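Next come two complexes built around chain A: one with chain B, the other with chain C.
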Partner chain A sequence: MSRNAIVAGLTVFVIVALFPFWFNIGRTNAAPEAELSAKAKAAKKCVLDKYDMRANHMSLLDEWRDTVVRDSKRVYKSANGKTFGMSLSTGEDSCMGCHVDKEKFCDKCHNYASVNPYCWECHTDPKEVANE
Partner chain B sequence: MNNKRENFLNKSSRRGFLKVAGISAVAIGAAPAIKAVSIASGGGEAALPVKTAKTEALTAKRWGMVIDTNKITEEVVESVVAACRNSHNIPDFGIQPDEEKYPNTRPAKKMQEIKWIWEEHYHNAFPEMEDEFLADKFKSLPFLVTCNHCKNAPCVQACPTKATFKREDGIVIMDFHRCIGCRFCMAACPYGSRSFNFRDARPFIEKINPEFPVRSKGVVEKCNLCAERLERGLQPACVEASEGAIVVGDLEDPESEVRAILKENYAIRRKQELGTEPSVYYIM
Partner chain C sequence: MNQKYMLPLAGVFLLFLLAYAGVEGVGLQWLFGIVIPYLAVIAFIYGFVNRVMCWAGSAVPFRIPTTCGQQKSLPWIKQNRIDNPDTAIGVFIRMLFEIFLFRSLFRNTKAAFNRDENNKLTYSWEIFLWLGALAFHYGFLVVILRHLRFFLEPVPVCLTFLEYLDGIVQIGLPGIFLSGIVLLAAALFLLARRIFDAKVSYISLAADYFPLFLIIGIAATGIAMRYFTKVDIVGVKEFTMGLVTFHPVIPPGVGGLFYAHVLMVSVLFAYFPMSKLMHAGGIFLSPTRNMANNTRAKRHINPWNYAVDVHTYEQYEDHFREKMIEAGLPVDKEE
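Coming up: the complex of A and B.
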């Protein structure tokens, strides 16, 4: 009697615990590809190379903001020889100066990875400014 | 016999193993040092990134400001305040937010304001110098007040997160990223130079300037002496709009324009008795 109850309970538990797995069987949830703007494509080289950028852009931005605010240095000559303004959103040589489409570039992956960076509470999206 | 040999082999292999292990441990430990030496001697792979200030940047040992009160009129005040507002995305809670873009925005309270540079009466700007027989001209004159970038800034001492700090060139500036909104700095500043963002400012900014970020709810803000413009070799926005009434320059350089003006004129500072050593001078 109690054996049956235990087995039933266990079965229910296993089914519930594995819910995320069986629920997603047969579905595809391909990772989105960030879309490069024409300008970014034409520029060819970013601050770091693609994979490094993908993995480490947040640390780079963190380092940049300290350098700009604390050391008043705003120019970044990258190891690949290109020069950038150390800014997320201000100026043609900033991140958003090249990656003009926040939705297709930043948000795509951030939404997929369910991260919600608060950069945008202060930093402006080029589109938002253009719509003014 | 056989047994002995096996024992011997075992022993020797163990010894061998320990030897190899010991040498590799030393090698692994030394690797960073070797690498560092090879980089230092020019053997490193890629060039390292270089961070610099812009070549055109305006610099000073200690930035200061001189305001000529004789040249300040209502029009000058208006254009100075507007220039600062526009270049730093300072909200104006007097405007009606765009219904389409910001639907259901709570109307602003009357008392709310964010100030970087603003107009003040003499008796508020210089309360300790009020006098029964004050010259008439001061009773009506508009005074422009802002952060004094105090040499001995109490706001810097009060800030628990070092979000407010003093740069080497004397500018007292904020790292908005670090501000936790505790408002200790506001309590510490004897000049009311700081404002707190009680709400999202975006609906109340008429036209967002992409050259400067806006601020998020919950941070304090104040004048930054246009550090971002000085970097680009430009004069502060207020100086440009002031028709010569405001001059900034190096207080520690005897040859600078501000020093020349101070040598020629009688100038006072706000609440000097507090010992904060303001860097903003008023020519009377």
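Coming up: the complex of A and C.
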């Protein structure tokens, strides 16, 4: 193979390998901060600790779904003593009863981390429906 | 037990423990999260370019394509244009098949003695290495592409689509990505082949096992973080975006497992240019694959050839003419 072809190939390799670096020139690494509603701020305590909640909420919701559907238990007693309704969007003590704004709370981080949860294939965001 | 795989296995465990203990015990997040990854990227790029340029400097004295089909011949004999190419386009197509489909591995055979009284040596087609290699490489490719979601903001639609396809079975929450499972399973298969197949085991060295263990470790820690122990993904993206925008940050609360994953990936990248993993670059420079078989149509001169003093017949006759005439031998020129 000719030297020129090899150098051209290597140049392409270096450009591709360093893609995340040059693509992000001039950008910042600011992560979005989920906005808490006034009600959530007042409540102070969620179902789990903050870090646990950030890392684990999807598993919790998965467990809740199975518990409600299979055992028809609808009340969750949290380790911090509070009780919650095991529902994403029904009732004042459900997830969205407190975190009322899907766009400012759920979507911000989901979009940032490119997570596309299938919650919303069945559940609706009451606000979005009202706006339509 | 065989030190050829026990040593690399111990090495990978040590790497894992080093990062895990370093972060959980001593709080060296900056070392395993910032310093080592940057060094690894530099070592990878520099080492890769250096290695390929070193190869580029070596002479290729002979045209040595290995061929698997009819060579270009008389017009009524059908040539196999891909397996025995005589043009640049043929070579290009052959290389495409080689790089994307591992075509020569597809022809892999195994030799074994028949287990009966004849005890005859037979060759049979052995497709599983090809299947395992294909699954492994494509699984790894999709995993790497998916990881770009941590390095790009906003995430491009093509990546979102790839994630959608990869997670199409929708098992569990967070949903299973098929590529991760395929990668781990294929790497374990390739490892099992080296350990349990006596003939392959005999020719396997520590340098063959180490990358396998490392990749298995990387896949296992990644899968553990996604499906089992869980990690704050927004914090992780903040960290990776910090690295690629040169404003590194250490996310709070992200534990040792994540840094173990990062250290193993860094070691894989840094180790890449000095290891057999360089077949990624080497496949492009394989003289048996990237040359056209046109030696009968075109003259190729060995670049090593030096000028040879040739003693032609005319010179020979000039030298011995008198003696030849004396002995009665025929000569071209009488005087």
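For the reader, a short list of remarks on this structure follows.
Heads up, the rule we're going with is that the second predicted complex is superposed on the first by the 125 of 132 C-alpha atoms of A that agree within 3 Å, B and C clash if a C-alpha of one lies under 4 Å from a C-alpha of the other, contacts with A are read in each partner's own complex, and residues count from 1 in each chain.
By definition in this document, contacts are C-beta pairs under 8 Å (C-beta built on N, C-alpha and C of every residue); 3 or more make two chains touch, one makes a residue touch a chain.
Remember, it's a predicted structure, so these values are computed and weren't measured experimentally.
Contacts of A:Thr28 after superposition: chain C is touched, whereas chain B is not reached. Contacts of A:Met58 after superposition: chain C is touched, whereas chain B is not reached.
In the superposed model, A:Ser78 makes contact with chain B only, not with chain C. Within the superposed three-chain model, A:Ser89 lies in touch with chain B and out of touch with chain C [touch as defined at top]. When the two structures are aligned on the shared chain, A:Tyr118 is found in touch with chain B and with chain C. Of the two partner chains, chain C is the only one touched by A:Phe13; chain B is not. After overlaying the two complexes on the shared chain, residue contacts for A:Ser37 are found with neither chain B nor chain C.
Shared contact residues of chain A with chain B and chain C: 118. Residue ranges of chain A in contact with chain C, taken from their complex: 1, 3, 6-7, 9-10, 13-14, 17-18, 20-21, 23-24, 27-29, 31-32, 51, 54-56, 58-59, 61-62, 109, 111-118.
By the touch rule above, chain A contacts chain B in their complex via residues 65, 67, 69-81, 86, 89-91, 118, 121-124, 126, 128-129, 131-132. Touching chain A in their complex are the following residues of chain C: 44-45, 48-49, 52-53, 55-56, 60, 148-149, 151-155, 159-160, 163-164, 170, 172-175, 230-235, 237-238, 241-242, 244-245, 247, 249, 252-253, 281, 284-285, 290. Those residues of chain B that touch chain A in the shared complex are 46-54, 57, 101, 165, 167, 169, 173, 175-177, 207-208, 210-217, 227-228, 231.
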